[in-house]
Structures are given as structure tokens and as C-alpha cells.
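Shared chain: subunit A. Partners: subunit B in the first complex, subunit C in the second.
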Partner chain A sequence: MQLEKFTYDNKIVRNFGLATLIWGIIGMTVGLLIAMQLFKPSMNLGNQYTTFGRIRPLHTNAVIFAFVGNAIFMGVYYSLQRLLKARMFSDVLSKIHFWGWQLIIVSAVITLPLGFTTSHEYAELEWPIDIAITLIWVVFGINMFGTILKRREQHLYVAIWFYIATFVTIAVLHIVNSFELPISFLKSYYVYAGVQDALVQWWYGHNAVAFFLTTPYLGMMYYFLPKMANRPVYSYKLSILHFWSLIFIYIWAGPHHLLYTSLPGWAQSLGVAFSIMLIAPSWGGMINGLLTLRGAWDKVREDVNLKFMVVALTAYGMATFEGPMLSLKQINGVAHFTDWIVAHVHVGALGWNGFLTFGIMYWLIPRIYKTELYSKKMASFHFWIGTLGIIFYAVPMYWAGFTQGLMWKEFTPDGLLKYPNFLTTTLQIIPMHVLRSIGGALYLTGVIVMAFNLGKTMLKAKLVADEPAEAMPLAKNINITDPADQKWHRALERKPMKFMILALIVILIGGMVEMMPTFMIQSNIPTIASVKPYSPLELQGRDLYIREGCVNCHTQTVRPFRSETERYGDYSKAGEFVYDHPFLWGSKRTGPDLHRIGGKYTNAWHFNHMLDPTSMSPGSIMPPYPWLIKQQLDTTTTAIKVRAMQTLGVPYVSGYDVVANTELQAQADSIAKDLQQNNIKVKSNREIIALIAYLQRMGTDIKANKFTIPSNQ
Partner chain B sequence: MFKQIKDLAGGEYYLITSLLIFMVFFIIVGVYLIKLNKNYIDQMSQMPINEPQLNEDENIDC
Partner chain C sequence: MLTRINSRKMKIRRIFIIALLIFGVNSVSFAYTTTELMNGIALGAIIFTLALICLVCLVLLKTFKVMADMLLPKEEKLVIAAPVSELVIEPSEPKLSLWEKLLSLRPLAEEKNLVMDHKYDGIAELDNPTPAWFMWLFYGTIVFAFVYLLNYHVFKLGKLQDEEYAVEMTQAGVDQKAFLAKAANRVDENSVKLTADVGVLKAGKATFIQNCVACHGEHGQGIVGPNLTDEYWIHGGKINNIFKTIKYGIPDKGMISWEKQLSPKQMSEVANYIKSLKDTHPANPKASQGIKES
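And then the complex of A and B:
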């Protein structure tokens, strides 16, 4: 038998590594900026392109898809080649993947501040970019499977199973959550509405955490941790159990993001039950990782890479214990919509994803440059300032979350809300937001120090772009006469395409059981006779609400708690959202819920509030929106928007698109006239008029028509 | 006690089916794990640390 000589492509690993560093610093800097906006509104920088609502999605997309995304590809491209004893399938595909992914990120950096957003969290990018993501993801898939097919190693190590599950599940999630009807180059409407849209979005949102932030990182953990500790994983059997149970259970848990909303109760219960079960496989992974270091804890004291890995695994353990706890209805009732969730997410993001990435980079970059790290002291400094940053970030956010969540629910002995003004609860937690920014700044400082350290490491040596290796060809290795090799699972592992299909079936089960009844059984989404489609002006106003990212701070779902019905009004019903393409329930209340805002204040109040929020709510941290008063509403899109809504099943009468602008103008004139009576002179063709129309409509359909609500809502 | 999974106007069918799918799934994975061959497990778990590479400089550390 002849050993085959080949080379590993380290250049693509280095490139993804560089992209991880650059986008990491950019994404976290934007994060720091929006954190400061929450206690100093002037940090919105006085223009529409840098207001919180528009750049908060930029932060989340940058850290998830740019920082973590590039880190995943760096780790996968390094470990896949070595575990399969083969160079990547195609250098051309690797390059297309790299540059395509960077272009997608650049397009996000441009379109999100300009206000082009679908409003689905972590899926904000508009339809042309969605198509580009699909294409580049397919390129990644072909490159990965091509490498698997030309491998020189018979069996697929468990890390590769995680990579395959990541590829196939993200593909399914992305496609299902991107069914949009384009109405122009950068504007579309989701085909789903209301409750169904919410279910799809949080099935996606939750599993994006599972299959973008978790499974690929577990795969990398299973490869890099044994390498760093120079010992095999604690239990390979546990890794198999952990893999199958994780991918099977995770997919069911999405509805825990929608507890106490108008999602059918059985779907909420299902989400809770599977969320609790998730502790087992998640902790299986954490325990397997930590016990891999058994007998090697002395190394942890010396080796900064392992320090990062240990904190990452600990953060993973904490976040995956907390997640199921947060899905318990009683805890969720307090925690949801508060900073508690922000703290939870960041323990995972900063601790698990961030620290695992840093540990891998400090280990990997010197190896592909065949040199030593420029400064171990700096790496150690990064570890400590990063850990301190996480603590300074998470602890104040937990404190803020508990405080605000409890303040919202507190009643006086007379049975009245103790803090009826929402703003009081916001102002109470400002010091915590200041501390959180300090935590973020410490963490970012660590990342900048790492970039400097790794940059110096790269400059002092030369990249081994093509690292020589040798291995036996696969065909001569197979020994299927061994009875153990004939067993079904081992046979399956040798057939990666069949393995992928099995993984696909496993992840489809949960999603289908939850979604099919919600989509196919009418009784799950009962309609309400008095709920009518939006007027053309309200429809335009709603799109401005989407453009400005109001959903990032304001929810539109009143939960059936007395503390909420007292504060906001009647709780939200599923039938109220049937024309909402997309749903705008939101996930965080930095400001109050707006579902019952309609008719609560005058038009003049809204006008003044949007021009200068502090004029109506002294001390408000909401940024001013003066451009809405200056900018003219684009009414050329009205007809096409109405037609698109008709296509999606909204019952506008036939030919309504032709008269829509006439109706729009009439409603706009009446609002402008009303404002004029209150000494506010504004032309009726301004954007603010449409936004006021939408705000005044919200949640009003059932106010005077309560008899139309079906008994089961 | 079981009111969240009973009397759901047809919805309980999905809950009970899911529970059954879940149990069957774990029984299959459990049986598979019990039957796994020890040599295979050892071979697989050594995979990341038994990488034959040329010019591997084990002294690199950081």
C-alpha cells in the first residue's frame, strides 16, 4: 500500500480567522454603541442611520453571522481537513465561500442602517441577501460533502456529525423562515401572518441559536479540546448520545419564546416540555468537555487556551441550565421582555461562543504559521479582562432584569399598579446599563488586545499555506469483513449522504409536529369578525415602524396577566394578528408594549413624542425621530403593497389598489387637520402622518366590539 | 394534573404522538449505544490526537 501525499489548505483557515477578528471588533463596537444609547440618547448620533432600532440588528447580525460565522468556518475548515485526511474538496469553492460570505456581511452593514429589514429577529436581511445566503450556504455544503466523499479516513468523527447537522438544519431553517413575497428590490412581506409567522420566526430564532451558535461549536469543542489537552474525549459514547438527543430535542423548543402569547396553548406546553428535557443533552456535552480535562487540570493553570475552553464550557453549562429554567412559565412570566434575557444570551455569546473562539484562535494561528504566540502575557491579560467583562456585563443585566420584571408586576395594597408609568421602571435600571457598558468595553478591549497579539504573531512568521500531510487512500483501508463494521450505524457513518438524510428527518419531526397543526387546523387561529385589514395609510405607517426598528424596543403582545391588562389594556388575541405580515410582537420591552396604544393618546401627543420624546415623557431614553417630519411618504408603493397583501390573502376588495392612494390621502389630510387644530403645522404627505395613523389603529379593532371575540380566545 | 395534555380538542393527539416519538427515538439510540464495540469507540476517540502530519512540531505551545 502506497501512502498518498497531499496538503492541507491553511490559507482559507487563516482568511476566515482574520475575518473573525475584524468583524468581531466591528460587531462588538456596535454593541457597545447601542449599549450606551440605552442610557445616553445622544449616542444615537442624531441621525436615522445610527439610531438604536436600526443598528441593534446590525450588532446581532454582525456578532452572530460575521464573528461567530467566520469562526465556525475557520474551525470547520481546519478540523475537517485533518479529521478526513484530505484537502478541502475545491479551493475555488473555498474562495467563493469566503468572499461570498464577506459580501453578504457587507450588504448587511449597508442595508440595515438604511432601514431595509424584514423585522424577523436574526433574519432581518431582505430577500436578495437571503438568496445570496442560500447560494453561499450551498457552496459551503458542496465543499464540505465533497471533502467527506474524497476522504482518506473511513469513519466520521463525532465533530463532523455536528458539522453535517449544522449544515442541513441551517439550510432548512433559513429557507422556511425566508418565504417572502418581494414587492421591490429591497422590500418584501412574509407569506405567514400573525401567530403562524411568530411560530415560524421563533422556531427559526431558537434553532439558529441551536444550530449556528451551539452545534458547530460543540463539533469544534470535540476536536480542539482533545488536541489542546492531548487526550481523547472523556466518553465517545456520551458524545453520540449527546449528538442525537441534542439535535432531536432542540428543534421542538422554539415555542418557549412565545409563552403567554396567543400561540395555541398545546404548542406552548410542548415547547416547555422539550426545553426542560434539553438540560440532559446540553449538560452531557458540557460534562464530556470538562471531564476530558480529567487528570490534566494542572495544564489549565499553565495553558491559556485551556483556560478559555474551561470558561467557555462553564458558560455553556450555565446558559443551558438557565434556558430551560426560563422556559418554565412562572419564571418566564417575570423574565421575558426584560434584561434577564439579554444577560442569558450574553452568557452564551460572550462566554461560550466568544471564549471558545478565542481559545481556538490562540491555539490555531501559531500552528498554521509554525511559530509561537507573540505574547503569552497578552493572551493571559485577554483571558482575565474578558472574564471580568462577562461578569460586569451579566451581573448588572440580571439585576436590571429582576428589578424591572418585578416592578412591572408590583401592586399597591389598594390593588393599583405601584409603577403605572413605565418610564419609572426604565430609569430605575439606568445605573445597571452603565455598568453593562463598562463590562462590554472590558470585553472589547480584550478582543482588541487579541487582534494585536495574533497580528504580531502572523507578522513574525510566514503562513504555511499548504501544509504537507500523508495518509493511506480510503479504498485500501476498508475492511468490511470485520463483523463490527457491518453494523447499521457504522455502515451509516461510512455513507455521509444517508447520515445527513437521517439527521434531516430527526430535525424535521419536531418542527412538523408543532407547525402543521397551527397551519392546517383553522381552530388554532380563530378569526375575529371586527378585525379588518389596515387602511393604506396605516399599512405605509406599519412599514415605517418596521423600517425604524421600533420592534427592537416595543412589543405588541399583551400577556394575560393582571399587571399587564391594568397597564396596557385587554390581552392580545390570536385573531387580532391575522393580517399582520409580518408579526411585530417583539421580544424586549425597553419601552412599553404598544398593542393597545391606539386611541390612548392624541395625534398631537404622538407628533410631539416622535419629535422629542422627552417633551412628553421627561427623562425618556427613546431617541427623537425628526426625519419622519421632514421626509415625504413614498406613496408610489401603495398600490403594489395592497396587491401584495391581496396575494397573501388579506381581503381587500378587488380593485382596491387603484383607489388606495385616494383613501390614503383622505386619512392623511384628516390627521394633518387634527394636528393643525392643536397648533402643529405639518404637511399631510409626511412620514409622521402615516406612522401616527398606524399607532392610532393598533389594537383598536376589538375595543368597541368585544362581542365579536370567539369564546375560546 | 394532566390537564395541559388532555381535552385539547384534538391537540392532545400531537402531544401524545410527540412523547411516543421521543421515547422510541431514545430507545433506539440507547440500544445502539449498548451494542457499540469497545475497539471502535477507542479508535474513534483517538482520532483528533492521532493525526499523522508531516513537519508537525510538537514543541509549539502557547
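And then the complex of A and C:
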């Protein structure tokens, strides 16, 4: 056999790297902007397109799918070629992948501020973009597996196991969580409703963290860390054990996002149990990484790349220990819906994903340009300011989380809530939010310095677009003589397709066990006779609630705690959500829960409050929504929305779509008339009327006969 | 040697007791505290975490040192010890530090025997076993998970959320009753008394400013809610009527019930304050509503 000569495609790696830098800065800047809106609402720049509810999803999408996404592809395209000793399968597919992904991000940047959202967290993009994501993901998959099939290396290295798991799982998650019924070009309804929708969403949401923010990064860690430190990977056995246990167990843990909601008790408990079991598999990655540095710790002192990697691994270890702890019911009861969770995810995002990306970029860019980094001092400055940024971000947020979580729960001896006004608890933590945005600004400064440093590095040399390499071709008939190579896992590493199918089976089990009973068995969602479908006006109002992203700050699920039933009213029951396509339970209470808001205040109160929240709640940090009063409600969609709901099983009488707008008008008129009696002159065709109708309806279906409601469990 | 082991044991025991105390105090104080104390606990938790981070840093530093110590002599051997090579003693059993034992690591010198045959783009892998402590952690969490599920769903010893809620509410009812039975200022709509006491009115005004002005105006002139300074009353203008309106609210008209937000004492204070507003003639009064009462 003869040595084969070929080249690595570095250009695609560089392009993904550039995209990482650009989107990283954009995504983090948006993050800083919304952080500032939490103590200075006027930072919404006075218009609907840059108000918290609409651009918070932009921040999360930009940092997850644009910054981290491009970084993944950069790392995968660099390491995959070298680990397989082969150029990427197809340059054309690489290009389609790159430009397709950027196009998807651009479409997110356009549609999210315009209010086109499905409201599923981290899956907000509407159905045409969902289809585009699927197609581009398949392109990525073909390109990756094509490369694997034409490899010149017999066995697949552990990094590639993680890449394969990432590919199959994200595909499954994305497709299942995108079952939407389109009603127009940029509007759709989820097929699932209420509790089931919540379960699907958090199965997706939790595992997007697992398989987009964790597994590809573990794969990259397994390639870049040993390369940087020039040390062997500590334990192959540990790699096998933690890889399989991680992907198997992770999938089950989604319900820990729904503790104390109306999700069936058994599903909640499964979420808790599997979260606890997740500690060791997660730590396996950290241990294998840190112990790989054994004997190279002296290098860490000088090498800024390794410093980034060590902090990244430590942050990963902290976040993956904290996660299981937060899923314990007792801790979750205090932490959930507070800034504690925001702190937790940012330790992961800023520490693990951010720092690992930076470490890799400082190492990789000079290599593909065959030059030295422009300034090591600047990189070192980035490391320290970034670390400081993380601390300034996390510590105040933890403090704010503890403080607010405990304030919500405190009673006086008279048996009253100590802080009956939600706003008191919000105002208490504003100094913490100021500190947090300083932390964020420090972190962003570091990234801008890095962009400058890497830009200078690129400018001072020429990209080695096609890096020459050589390797022996793979023998046609392999004769496995080495007994070590005959072991089962070693054999599996030679069979990429079998490997992928096995990984697929492993990740499907958990999801199926949790979802099937919730969907099939009636007793899991006890129905309530008094719960009726929304009126057409309320339906339109609900879509406005979705458009404005209210769900980003207000939950719609009252948990069965005395502190919550005293504050909000009766706790939420599964049967109340059966017509909610999608569910709007939310995950963070920047403002109070709204599930029992219906009938609590007058229409006039809501009108004044939406026009200027501080008029009704002095000091409120909610932004004003004057555009709802100016804009006319689009009633041309009413009929098609009613028909879509009928398709999804909402029991409107047949032919209701025809009369829907008549009923809508009648209800709108009655609200406008009521407002007029309180000296508020507004036309009945304004959006605010629909939103008020929805707010007044919320949670009222069971108020009349609350003693006959079947329990959740 | 023996005393050293003993003292180490003592130390571990002491740390254990302290940890137990911390946890014990925490769990007791959680149930009956004020915010100040809660804030204190939060602060304590942060300090504890920071201390933990410091400890971890120290541990890491120690690890660095151990690693460096193990590496440096090797390099020296190469450079300096070359001419006197006969002095180099064949390494017998290399000594392991405490940390290495804890992490169940093998000495670095043995590493060459562990390197596996394959290399991927220059990356080698070692055939180290999975660390024993790691395996015990994993087994431990699996046992925990099984016990957890059995506890809640098979033996049903643990309370699921609905039951937990019922217990919490019953207990709260008992506590509240006991407190109100003792409290001197137990007032309801029948026993509330009209008073012009300055202290009462001042407290009432504070409550009013905090909770009522959004709807009734800063001076009680009425905005969304009715004017409270005139002689007209929709739901009665006697102190008992006002107390009752505050307590239970008039949900149909948007007056919310304050029973769960204000104590009986606070409601009586604010009712008295409202009574004191009569004929204060604020600017921009809302038109009178209801029946005239003198």
C-alpha cells in the first residue's frame, strides 16, 4: 500500500471561526442590553422591536445557535478531518452548511424582533426556519458521515463518538419539538397542548443543553486539550463509561424543569432520579480532561489556551453538580423561577462554552494561518477580564436568586405574606442586576479584545486554505489480530453506522418512557368539565401575549405552595391547560405569575398598566406597551385560527369559524364600553382590547367550583 | 506515625461535626425566620461557597506543587546527574502522595506501560482504570435514585406535592389560629372601632400610600376606584362597612380582597385613615358615586 496525499480544508474552519466571533459579539451585546432593561426599562429604546420580551429570545438564540453553533462547526470541521485523516466529504456541502446556517441565523435576527415566535424556549423560530434547520442539519450529517466513511483511520476516536451522538440526538429533538400546524407563512400552533406540550418542550430544552452545549464541546475538549497539552488522554475506559452513561441518562432528566407543576408526579420523580444519576457521567468528562493535564500543570501556568480550558472544565464540573442539586424538590422550590437559575446557566454558558471556545480559537487560528498569535498579552488580559466577568455575573445573581426566592416564601406570624406586593421583591434585587450587567460588560470586553487580537493575527499572515497531509489508506480486508482490538467497544469503533444506530436507541429510551404514558393514558391529565375553549378575542389576545414574549418574564403556573396560593390563588391543574397550544408556563418570574390574573383587576387597571406600568405599580420595571393601544387587531386571521384549533382537537362547534369574528366584535365592544365608563376612550378594534380579554380570562374557568377539581397526581 | 494518623482522624472527625452543626442549624432556622435572618443565611451561603472555592484553589495549588515536584527532579537528572549515572537508584515502588492516593492515580513513571497502541492525529490514550471514588460516586447516585423512586412511588413514604401542600396548609392554619388567639389586636368587621388616634392614622396612611393610591389617588380623590373624601358611599361609609370592603373586596367592580395581604390591625388602621379623609376636598376629585351618608 502506498501513502496517500491529500489536503485538509482549513477555509471552512476559518469561516466558521469568523462567524463565531461576529455572532458572539452580537449575541452578547443583545444580552447586555436586556440585562440593563431589567433595572432601566427605558433601555428598550422605546420601541416594540427591542423590548425585553422580543429580544430575550434573540439573545438566547444568538449565543446558543449562532455563537456556540458556529464554534461547534469550527471545532468539528477542524478535528474531524484530522482524526479521520481525510478531507471533508464534500466542499460543496461544507459551503451549503456554512451559508445555510448563517442564513438561518439572519432569519432569526429578523423574525424574532418582529414578534414571530412559537414561544417554545430555545426553539422560538417559526416553522419555515425549523424546516431550514432540519435541512442544513442533514447536510451537516451527510458531510460528517461521508467523511467518516472515507476515513483513513480504522477506529473512531472518542471525540467523534460525541459528534455522532450530537448529530442524531439534535435531529430527533428538533423534529419532535417542531410538530407545528402552520396557519400562515410565519405563524403556527404546536400540535401538543398544555402538560404534554410542556413535557415535549422541556425534554427538548434540557437536551438542547445536553446535546448542543455539552456533547459537542466534550468532543472538542477530547481533541483540543490533549493536543494543546501534548499529553495522552487519561483513561480510555472512563471515556467509554461516561460517554454511554451520559447520553443515556441525560435524556430522562427533562422533567426536572417542571417540578411542582401539573406534570404527573411519576414523571417529575423520574426527572429528579435521573438528574442525580447524571452527576458522575458528567464529571467523567471533567475528570478525564483535568487528569489529562496531569504532568502538564506547569504548562498551564504559561499557556493561556490551557488556562481557558482548565477554567472551562471547572465551570463544567460546577454547573453539572449544581444542576442535579437544583433538581431536588426542596432546593427547586426555592430556586426555580429566580435568578439562581440564570446564574446557573451562565456559569455553564460563560465558563464552559465561552472559555472552551476561546481556548480553542487562540490555539487554532494561528495554526491554520501558520503564524504566531498577534498578542499573548492581550489573550492573557482576555482570560483575566473574562474570569472576572463570570464572577461579577454569577455571584450577584446567586445572591439575587436566594434573596428573592426566600422573600416570596416568607410569612408573618399573622399568617400573611411578608411581602404581598411582588414588586417589593423585585426592587430588592435591582442592585444585584446592576452588578450583573457590569459582569456581562467585562466579559463582552474580553471577547471584543479577542476579536481584535485574532483579526490582527489573520491579517499578518495568509490562510493555509488547503493544508497538505498524508496517510495510509484503510485496508480493504482488515485482519484484527491484536486481542485489544477484538473487544466489543473497539469493534464498535470500526462500525460508524452501527455506532450511530446504537446511540440513537440509547437516547430514544428515556424520552419514550416519559412521553408515551403522558400522551396515551388519560388519567395523567384529569379533565375538568368547566374548562372551555378560548373565545375568538381571547385567542387573538393570547397570540399577542405570545408575540410580545410576555412568557419571558411571567409564568402561568401556580405551584402548590402556601406562599403561592396565598399570593396568586388556587394552584394550577393539568386539566386547565388542555386547550393551550402552546403551553405558556414560562421558566422565570421577573414579574408575578399570571395564571390567576383573570378577574383580579379591572379592565381599566389593565389598560392603564399596559400604557404605563408605573402608574399602577410605582417603581415597576415592566416596560410600557403603548403600541398595543395604537395598533389595530388583525381579525382576518380569526377564522383560520379557529379552524386550526379545531384541527388540533379544540371542541368549537362546527361552523364556528364563520361567526367567530362577530363574537369577537361583540366581546371587544363590551370591553371598550367598560373602559369608556372609566373615562378611557379607546376603539374596540385595538390590540389592547384582545390582550385584556385574554388576561381577564386566564385561570378563571375553575374559580367557580374549585372544590370539585381532581388533583394532579 | 501513629499519632499523626490519630490526629488526622481527629481532624476529620472535627470537620465532620462542624459540617453536621452547620447543616443542622440551617435546617432548623429555615422554618422560622425573618428575611433579615434569611439574608444572613444567604450571605453565609455565599461566604461558605467562596471559602469552598478558596479551599479548592489550595487543593489545586497543592496538586500543582506535587506535580511540579515530580517533574522537576526528572529534568535535573537528565542535565546534571548524567555524569554520575551510577548514583541513580533504580526506582523501586514510587511513592504516591495523599492526593494521588485519594484520586486513585498511578505514578506518572508507570505511564509508559499504560499507553495504548493507537494514536489519533498524535493523541494517545492511556489504559487507566476508572477511578474507584468515581465509581462509588456513580453507584451511590444510582442507589439514591432507586431509593428515591421507591420512597415516593412504591412505599409512598414521601409526600407528593398535593399531599405536601395539604399538610402545609393545615399546619399554617393551626399556627395562625394559635397566634391570633394570643394576639391582642385581633379585629374583624364587627369589632373594629372608630378612633382619631394620631398613631393609628399615621400607620393607616402609610398602608394607604403603599397599597391604595394607584386606584384611589394620593389623597383619596379617586381614579379608577371611587372618591373616598366625599359623603357618598357605594358599600357603606361606617367604619365596619369600610373594613369589610377592604377585607373581602368587591371583586365584580375591581376592588380586590386585602385579607391575604394586610393584617386585621392594618385593615382597621387604613379604614380609620379613610374615615379621617372626609371633607378634605383634594384637587381633581372624582364625581361622587353611591348613597349620601352624613
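Throughout what follows, the second predicted complex is superposed on the first by the 698 of 713 C-alpha atoms of A that agree within 3 Å, B and C clash if a C-alpha of one lies under 4 Å from a C-alpha of the other, contacts with A are read in each partner's own complex, and residues count from 1 in each chain.
We adopt the following convention: a residue touches a chain if its C-beta (ideal position, glycine included) is under 8 Å from a C-beta of that chain, and two chains touch if they have at least 3 such contacts.
Note that the structure is predicted; figures quoted are calculated from it, not measured.
Look at A:Trp266: by the touch rule set out above, it reaches both subunit B and subunit C. Of the two partner chains, subunit B is the only one touched by A:Ile509; subunit C is not.
Contacts of A:Ser617 after superposition: subunit C is touched, whereas subunit B is not reached. Contacts of A:Gly649 after superposition on the shared chain: neither subunit B nor subunit C is touched.
Of the two partner chains, subunit B and subunit C are each touched by A:Tyr223. When the shared chain is aligned, no partner comes close enough to touch A:Pro431: not subunit B, not subunit C. Using the contact criterion defined above for the overlaid structures, shared-chain residue A:Leu291 touches subunit C, although it does not reach subunit B. Looking at the superposed arrangement, the partner reaching more residues of subunit A, out of subunit B and subunit C, is C. Once the two complexes are laid over each other on the shared chain, residue contacts for A:Phe411 go to subunit C alone; subunit B is not touched. With both structures placed on the common chain, the touch criterion links A:Val304 to subunit B but leaves subunit C unconnected. Counting contacts by the rule stated earlier, residues 79, 82-83, 85, 153, 155, 157-158, 223, 226-227, 232-233, 236-237, 241, 245, 265-266, 269-270, 277, 484 of subunit A appear in both its interface with subunit B and its interface with subunit C.
Interface residues of subunit B, counted against subunit A in their complex, comprise 4-5, 8-12, 14-15, 17-18, 21-22, 25-26, 29-30, 32-33, 35-37, 39-41, 43-49, 51-55, 57, 60-62. Looking at the complex, you find that subunit C touches subunit A at residues 34-35, 38-39, 41-43, 45-46, 49, 63-64, 67-68, 70-71, 103, 105, 108, 111, 115-118, 120-131, 134, 137-138, 141-142, 144-146, 148-149, 152-153, 160-165, 168-169, 172-173, 175-176, 179-180, 183, 210-211, 214-215, 224, 251, 253-254, 256, 260-264.
Taken together, the subunit A residues at the contact with subunit C in this complex read 79, 82-83, 85, 153, 155, 157-158, 223, 226-227, 232-239, 241, 245, 260, 265-266, 268-270, 272-274, 276-281, 283-284, 287, 291, 294-295, 297-298, 300-301, 324, 395, 398-399, 402-403, 406-407, 410-418, 420-421, 482, 484-485, 559-562, 565-567, 571, 599-602, 604-605, 608, 615-618, 678, 711-713. For subunit A in complex with subunit B, the residues that touch the partner chain are 79, 82-83, 85, 153, 155, 157-159, 222-224, 226-227, 230-233, 236-237, 240-241, 244-245, 248-249, 252, 264-266, 269-270, 277, 303-305, 362-363, 366-367, 370-373, 376, 379, 464, 467-471, 484, 487, 489-490, 506, 509-510, 513-514, 517, 521, 523.
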